[in-house]
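Going in written order, the chains are labelled A, B and C, and every chain counts its residues from 1.
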Amino acid sequence: MRKSLTVLALCLSTIGLSAPAQAQLSGTLQKIKEAGAITVGHRESSVPFSYLDANQKPIGYAMDLCAKVIDAVKSELKMPNLEVKYQAVTSQNRIPLMQNGTIDMECGSTTNSIARQQQVGFSVAYFITSVRMGVRKDSGVKDIGDLNGKPVVTTTGTTSDALIKQNEKGKAIDVKNLYGKDHADSFLMVESSRAAAFVMDDILIAGLIANSKTPDAFAIVGPSLRDEPYGVMLRKDDAPFKALIDKTLTGLMKSGEAEKLYTKWFMNPIPPRNVNLNFPMSPVLKAAFATPTDKGVE
Amino acid sequence: MNYHWDWQFFFQEADDGLKYYEWIVSGLGWTTAVSLASLVVALLLGSVLGVMRTTPSRWLVAIGDTYVDVFRNIPLIIQLFLWFFVVPELVPNSIGIWMKQDLPYIVTAVVGLGLYTAARIAEQVKSGINALPRGQRFAGLALGFTEWQTYRHVRLPMAYRIVLPALTSEAMNIFKNSAVTYAVGILELYFQYKQIIEKTSQVLEITIVVTLAYFTLAFLMNRLLAFVEKRTRVPGLIAGTGGK
Amino acid sequence: MGDFDFGIIADNWRFLAEGLRYTVQVTITAMIGGIVLGTILALMRLSSIKPLQWFAAGYVNFFRSVPLVQVILAVYLILPLLLQFVTGKMIPIGAENSAYFTFTIFEAAYYSEIMRSGIQSVPRGQVGAGYALGFTYGQTMRLVVLPQAFRNMLPVLLTQTIVLFQDVSLVYAIGATDFFGAADKITQRDLRPVEMYTTVAVVYFVICFALSRLVKRLQARIAIIR
């Protein structure tokens, strides 16, 4: 029953008919309509995508983009007073929480990978990151090779976790793997000299460094292990909701609004400490804005 | 329920080349290692503290009592965090760096869990010694034993046998409490549980398997100690037969 | 590191207080719910109906054999699946609400063991006396046995509640903002583990130490009355 509704909604949206409200609702949109509320999964230390400000409220580039999506949901469902709930998630629990219905969409720093697409859906990419290493300058680590025999931290459940394991094999170096609960936890290990390097998306490391007590003490080094697209995560096979999110995000990218938001979060001072990440838009991201895609890596 | 059951995934290869069931086996190994090592620490330290609290020395009693008060009134996870994050920052820098970079994490975990459990064991040992008739101490002293010898040869052998059922339940608790050491970097069973959930999202299967694994550990520990209890039972005492 | 910064605690005390309030709320909810549910389980365990005995024994042994931190995570992830199975709808619960439920059902197992020994400590003759007065089973339990069991076990029930109060810190595992969770979130943001974790440890110690002293005094008073 549910499936046939999905298929119907899919057909309608592909031939360009806007679905006459209620009857065709399915999946997440139907759930939101019935509950009168939408639950947004957010991160706590994915600076500047989705993190907590001085008052412990979730803010960031991804949160701003998602606010636009929520506006679109409100007008789609004709529910201007739709309640918006927030639920903090971690790298480990975000996918199960999406599947069990605790969150309706996740706005953070989640890599869209083929492996994850078996379990959840992704919107078009709103950011492209490179996986690199964050180190203390006084540690002397400059490249992957320098890590031999050293403790290296990564955040549990992230794709970097798999990357370092593969790289470890390929380069035949032996590192001691440590795991942080969240990105800040991992960074704390580098900051306190517990780990020699933090292998993670460069922008997240940059955000953590900028917010640290002594930003000058850290550096991002080494080659890019891989480029990874970030997308809004949603439930698998939920075509109507995905269409709505994609339409909203694509619209923002085409209109130049997405770039404005990018400037706001990446090129200007941001809360809570008013630091400026000075992280200009990469050519890959410009290309992704010009031709939005939801292709996953690997 | 549109849940997709899949028991096969345990035999699939994860991205580190091991199969998921091997993650569980390795987690079980770490859980057992941390638990048993902590148990040894807790038994030794807990016995010393328990004895201290029954001596005539006011100072020894005060030290023992303070220890128990401190370690029983702070949650385990916070104690572990203190050992892991706070202590290395308070000691001289060179020692701090050594603690953070060279000291294996299992040592921190065992110290944390062991010292936490020692407070509980000290309570049991103390009540075991206090449960003995005073006459046993006097009899020992009358035989020319020193205070220490009355503990060594008379009171402790009895006290342990009396509190063995309570120690059994502490020994089982330590296996459960060892799950918290995931927070200080031990790749034990609960850590692997979280990892496998993230990688596969097969929440129900993995919950069933890991729960059964914890059951088995608790059961084995229980049987082992029941055996010890049977072998060391004091004839003629009601307390010696307790605990089933 | 001689730069212990008390300012960070002053700046964030409101958030920490919110966390502490949540910890207290979970403790009180789980204490009341756990004692009620635990008493029912204890009565089942002591009843003469075999299936009820088995159920209660199974329940208690189950929750006493698994690590609390695993139960917290498992319930958080599985409860919505079960609700969906029953109602056919996805019902978001959230980490905070999930913890109320988990602690209530988990602590019930421990409270039930305490209530069981409390009920067993009431002389058998009192049950007979209740029946002789024409009371039903329910009346005998409610009016004669349970009040005494409860009073006799009050110190133990409260001691268990102090343990529960400490155990709430494990909601860290699902990212709920309890007292410890709040401190951890501030640590994640400001990278000041020494100040935050030390503060939480001291506050926990002061509260739990004071409560356990109170319980001790209560215990002495109850002992005298008896």
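Rule of thumb we're sticking to: contacts are C-beta pairs under 8 Å (C-beta built on N, C-alpha and C of every residue); 3 or more make two chains touch, one makes a residue touch a chain.
For clarity, every value in this text was computed on a predicted model and none was experimentally measured.
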Looking only at which chains touch which, which shape fits best: line, ring, star, complete or other? complete
Count the C-beta pairs in contact for B-C and for A-B, then report the pair with the higher count. B-C
By CA centroid distance, what chain is farthest from chain B? A
What is the distance in Å between the mean C-alpha positions of chain A and chain C? 36
What is the distance, in whole Å, between the centres of chain B and chain C, each centre taken as the mean of its C-alpha atoms? 22
When the C-alpha atoms of chain A and chain B are each averaged to a single point, how far apart are the two points in Å? 40
On chain A, where are the residues touching two or more other chains? 93, 96, 100, 188, 192
Indicate the residues of chain C shared as contacts by at least two other chains. 73, 77-78, 81, 84, 193
Where chain B touches two or more other chains, by residue: 85, 89, 183, 194, 197, 203
Note which residues of chain A are touching chain C in the complex, please. 31, 34-35, 37, 39, 44-45, 51-52, 55-56, 85, 87-90, 93, 96-97, 100-104, 182, 184-185, 187-188, 191-192, 211-213, 272
Going by the contact rule at the top, pick out the chain A residues touching chain B in the complex. 91-93, 95-96, 99-100, 119, 151, 156-157, 161-162, 165-166, 169, 178-179, 181, 188, 192-194
In their complex, what parts of chain C are in touch with chain B? 1, 65-70, 73-74, 77-78, 81-82, 84-85, 162, 166-167, 169-170, 172, 180, 193-194, 197-198, 200-201, 204-205, 208-209, 212
Interfacial residue positions of chain B with respect to chain A in the complex: 15-17, 85, 88-89, 97, 100-101, 183, 185, 187, 191, 194-195, 197-199, 201, 203
Quick one: in the complex, what on chain C touches chain A? 15, 73, 76-78, 80-81, 84, 89-95, 174-175, 177, 182, 185, 187-189, 191, 193
